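These notes open a run of structures that come right after.
You will see two complexes here that share subunit A, one where it goes with subunit B and one where it goes with subunit C.
On to the complex of A and B.
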């Protein structure tokens, strides 16, 4: 079984060779009388079409046409190659017409979202793996509701059994919003695991509580931590899905604009 | 969503989907048709049934009921292969009449076994699932569960593929149900595949009509001929000769069976059987079982000349070890003459063994007589010995069982106990420090290898079928070169059947003649033999050891090995492992599974976690599938090809025995709907009809398990848990 590091090394080497060959061809074409942008445009178009095949492959999961993981590798390295060709095609200059502006923006958006997605796909899963529990995204609202019910029941029980309003007040003031629903917290994407402020507050509050209130506070602090984990899952899994809602529509738009650009270039560009 | 007028009209026009079916019972679907009262009474007068005490069988599972419902009479023609080496067995056979022959190792070449490929969808059918899958969860054609009146179905018949001389090459049954369709052609997706370049890939199909079986040409290039005439459609009659390309196929109807030379009903050994009854059996025998494809040994004299074989006489039972042990058949058996067999499905065998001590002893004696020598001969350590010495070793070998055959009940009971507590309960086969009184060969099940560590036991490895334990200790004792007591303890995980070859036998027959070169060779062979069943992890360049080595793992992996053994996950042959450090939770695996199973994913992306490894709730297709133990109808079974554990939806009665037996919670009970989306109800109780569902490894899809193919991040793999080095390699990629 080939190790990932070795596979990456092999893929990068292949990619570099392809880029080198393309660079030499580009230099040769540029030295001649033919407009190099014509060739780089077609190369870019071919790369974009190849890239778009990946999403079709994902739909045809029932066919033995190679593992999706292999296709993703091809997709990522072809995407990186397309960026190089794009730079060569545009010469790092900004477009000068509305259609080209849209095409330029859609390509940059697609490439940028793709790179971001790749980065998140490689860096965020270990964060999920470190959590105490594995949660299915679609069930997170259900788990959040359960946590809220448990927390509210705990506060009611605490008030009834200890005859003290302190935990109830604290819940209403500081915790009710936390338990209201799954919450997207950017802090969960940060470099350290984010533990809610509310949890720390409850720990700090414990010194002011009577002995019979402390077990309730500790359990409530545990629920805060669970809610924090749940919000982390909600944020991280949400981001791992959300970036595709940018990447895929932009790809479709880019394909359409590229075809229009191709027609315009051939009709009016003297290619 | 509001119902459209069009949809409403469509619903009103077609026949109403079935939404109520009678309550299914254990014997709602008897094993075979044709076990009439006379057959049952006659079988009960035969050994071993006549010696059984009916009083030991309590209602409703009576001895007579077992014979009536768990057995079927089966006629096999001369040359027909009854069981094939490598297939997974679900039934045993009693030879009622005739003569069958078992091929001894190395057996027949693979190409002559005619192994049937599981019927798979072609690419177009696979893609069509994207829009053909029903919109409702667990929707079925519920009419399948209701028996059709027999008068509507055409009589059963057979298609016999013949060579140029009219000798039978292959046979296919057109069952009495009449709801089947047989596709014929050169392509692999046909039911009857012709090895004939002049036949089209999809040449013709035969289907049931009210008039009988009709053959329809599917636009073939060279045409379909019946009785010499080219036909587009033709209702077949008994004895019709069909010509497709160069292939000749004989259509034999129910009443024509005695007209064919191949299927002539010659009664052998009339003194051993009531001839009148046997003739009646032959007349009535039309159904030959679920496996409707038959393969024949082509040249019996040549086979007998070129292979080692043994005759099995009337009254012999065979196939019981594989059926009861849920293991592969170890030898091929074929009919040397036209014969009649009583096929006993394993549910019946299980009950017979449970209730009748003599039958249980009979099975064990059969093992000793039939399988022990085969096992010893297949062990590299003994493979170079003569037959006489092997027989001598067989005589001296002790046959020991540890743990419970249905270990899942105690496993579930003790699941919440601390690991150390569970370890204490595991039966000890060998204790570290004991004098090595024998060489141990694991026959079936699993065993845990441990060594003492501080106040507990550390699991250093696990071994399974085919493993040998204790040779180095015996060698050390023989040479006087080292520690001669067992270095490790060995405990049965669940249950383990072990053969103990006494030390004196090894010292007398094996060690004196064992040269260093032979030992080295044996170690290498053993490593290959155990590759599929033994998890050994060895430093590069070091020869494999015959006894299990300690697993060279990192500290983290030591804990993993403990977990795998504690939770019996080592049982998995295709466990779904997910590397949570790579999984982006995109559910591509779940979606791919759903597409291949009518929009119903057959696993949960959830399950036991160890560090960043998840063993998902997907059927592991266990080496020892305990889910099959209690199934009353045999609905859950192993596929004969690769041993996948699959459920026959038609015969599942929804009793949930398999789901409750599965120690890993990998079988789900679902409420069935009809095509309209209404729940199907039990007509007697009004309760929803339940069916057991689980992963089938995409057995009917092209390309195998879609889940691992669909994972874009190399996060999911179906792994044989018995191959620990491979598992660790995958985990540390």
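On to the complex of A and C.
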């Protein structure tokens, strides 16, 4: 733990020094007759290209070009640095031309999704680690189907052994939808551990059940809890994958627009 | 404890190919096949195993992950009996993300092509609206040297195939904006002046110092866009320049106006005044002597310029005229009040031979105007050189050659008078053009001749050389007449036409006799009884205040009869030509008389006319209007006090009008304090305006610092300093007159 804290402190310190140096140089360049926007623009372009290399690094795992974890750290801190350079480049002013708006939005979208992804990738994994079991995201539909089969089998067994339709009706009325498929629930992203309300309903229902029905109800409540955890995995892992659906395409669009911006700036900027 | 969902042993954790494009469509239902879709997304469902022959039987080979060997086993012909039902493969998450990237790229590229393909391409990449002053510019090519809208043109312009792009782009600015002959040079000046040393710290802001370390040599030429940033919106101030941009080039840097800015060593008195006016003596003495006519405040003589920036001196009539108008008219002069124009040079008639008639009492030198007119004769130059050190009135020690030159001079002068008499002002113009070597404009002709009256020349000729025409004819025929001293007649009495005192010499009686062989009798005939027809009537003989030139004190001791003589000089008090004995004089018609002014200007360019510039000459121009010589030695008369046109820009500019309300009881004296001890008048001993002593004490920086602090009136460089220095006039549009415009 100490090692991680020290590493983060070292990284943050390095990042702060780089930002400070860049800020000093920016102030110096701005003070002169040289157009600082060209310098910040090229610096921003270089940072964006470096950031985009991270995805290429993952594809070139066979090459000895550093560990992926190091690249991820580099990606995160370079991204934060790029945001600072972007602020210096634009002066916090909004663009006017449509294509400039597209570039501005693509950068802001990329940076925003990157920051969100960074936050989620730092806060959500512990939640997954604290769950009862680890689940592979792609198999979640399969596990959901298994849970549904178990629940349905349990209700059938309960009806056959107790001659009571109560659990069956409860399942049909309140639980069938829960077990139908993996469900995205934003509540799983909240600060507290969320357990589906169907679980609580079953616990509350227990007082009205006959003694021979209660074991089935408890087992069914366990399945509800397990389904709730499954949905938590589905939501959390889904989010950890979904933000890349914003981040990566916007990065590609931003690169394209940035090249156009660079050409136009030099062609018309007279530099 | 619920049964765990995820198993990680190889039997309970089949591989579902999440890294491939397609995954089994039944993955969610739990009965996906092991084969999986192919790379193109086609379902690979079919037999679950490939049975192998084991003796005479076929054996099922289904793997344990899928339930192991089936109960029924293969069919008799060896075909698997367990067929996996087909599915509709799904895209993997990875493939979906890749598709999202491709779709976004395609959409972005499409938008770019769409945006740049039309005539609206410029507005699609325009980084911001133009300033209001440029709002009528509606195409990029008007300002940007980049030509064409193709991608190749943009790339060529952006990366190196157009090395002069920055400069070329600026030329578009210069199409409308005149900033001098070196517009892209620092301060628009081909040669930069040196700045004064900084006081105190010579370090500028750290950003500037660091900039100089990174960029030790500021790039030149300095493109317009370096300071004037366009596309910043309609309300942007294109002229806003931060202090750091000024400091980055200056070797003598300083922190700010408050700290380190040089003291005002001579500001605002960087040269002597153009008009010679001693504030100290006027305020200390003259105004006290003439309190009625003295101005009551500074505004009596000074007025704000129309643009409010500078203070100007009021016109002569509003400021100096009350006391000095008479000086120009020559009222206080003891001698002649008119400027000497054409004058008969005095000659030693005892030694100059064969010049015919010559006024006996002519004793003047060649006047500047006479000499200039003689210079129109190509042969005069040699005469002038020969007579350079000769006193024409005393030729005793002159060589025969010099005496001969004096004879030539006399005939040249007579020819000049004859030419002026016969051709009038045209002869003067022709002589002046020949002497100056260039044609004169109509205005110059008018101002240089002063519209010399022909009748006055006739009168002068008759008085100076009564037989001029005959003499010249004889001279040109080779029969030079002997020298004959002539005494002109006295002024004709105004009250008594028959008064003999007007003609004092018998010889003149003979000359003007009707029976005279000289043929002048008809000149004096008065057949009509009209005085105007009589050449000697009216004002023919001026110079009333010089006494009677024909009186002979030895011959006639009796008192002269009292006659009322005509004072031509007084008659010309409002200006004009008059005859003063042997000189045609011009009396200035008040201040700024065009004739005197033009001849004074001419005198600055002609050494022969240098005497005209004397301060005590009639007109007294150079008493107040200083003479200045530039670096090439060309002298000019400073007719006007300092005036800065609105188009003229200097390094330092002070807007007087915006400071008026800030002045206390000291008023103008807050900044302009008269130095009574300064030898101001000595400044005009020479003609170099930079060598001077001001009438005022130098302005101190502390006066400005009272208000110009960072938190008060500000200390921006641009508050007082201009970057572009020079006289910049708005460029007129080159409007071609067309028929449609003419008839609209």
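One rule holds for everything that comes next: the second predicted complex is superposed on the first by the 269 of 271 C-alpha atoms of A that agree within 3 Å, B and C clash if a C-alpha of one lies under 4 Å from a C-alpha of the other, contacts with A are read in each partner's own complex, and residues count from 1 in each chain.
We take it that a contact is a pair of C-beta atoms (placed from the backbone, for glycine too) under 8 Å apart; a residue touches a chain by one contact, two chains touch by 3 or more.
Everything numeric here is computed off the predicted structure, so don't read it as measured data.
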| item | value |
| --- | --- |
| Touching partner for A:4 - first (subunit B), second (subunit C), both, neither | first |
| Subunit A residues touched by each partner, larger count belonging to subunit B or subunit C | C |
| Partner chain in contact with A:128 - subunit B first, subunit C second, else both or neither | first |
| First (subunit B), second (subunit C), both or neither touched by A:237 | first |
| First, second, both or neither for A:253, with subunit B first and subunit C second | second |
| Which superposed partner A:63 touches (first subunit B, second subunit C, both, neither) | first |
| Which of subunit B and subunit C A:222 touches, first, second, both or neither | second |
| Which of subunit B and subunit C A:160 touches, first, second, both or neither | neither |
| Subunit B versus subunit C as contact partner of A:71, first or second or both or neither | first |
| Subunit B versus subunit C as contact partner of A:35, first or second or both or neither | second |
| Doubly contacted subunit A residues - partners subunit C and subunit B | 134, 136-137, 241 |
| Residues of subunit A defined as touching subunit B within the complex | 1-4, 58-64, 67-69, 71-72, 121, 124-126, 128-129, 134, 136-137, 237, 240-241 |
| Subunit A-facing residues of subunit B, complex | 123, 126-127, 129-130, 580-586, 588, 591-592, 595-596, 605-606, 609, 611-612, 614, 701-704, 706, 708-715, 726, 729-730, 733 |
| Of subunit C, residues touching subunit A in the complex | 2-6, 13, 16, 18, 23, 27-30, 32, 92-93, 96-97, 100-101, 103-105, 107-109, 111-112, 115, 123-129, 140, 144-146, 151, 153-155, 157-159, 165-166, 169-170, 205, 207-208, 210-215, 218-219, 222-223, 225-227, 231, 242, 244-245, 247-249 |
| Subunit A residues touching subunit C - in the complex, by the definition given at the top | 24-25, 27-35, 95-100, 102, 106, 132-139, 141-147, 149-150, 181, 222-223, 225-226, 230, 241, 244-245, 248-250, 252-253, 256-257, 260-271 |
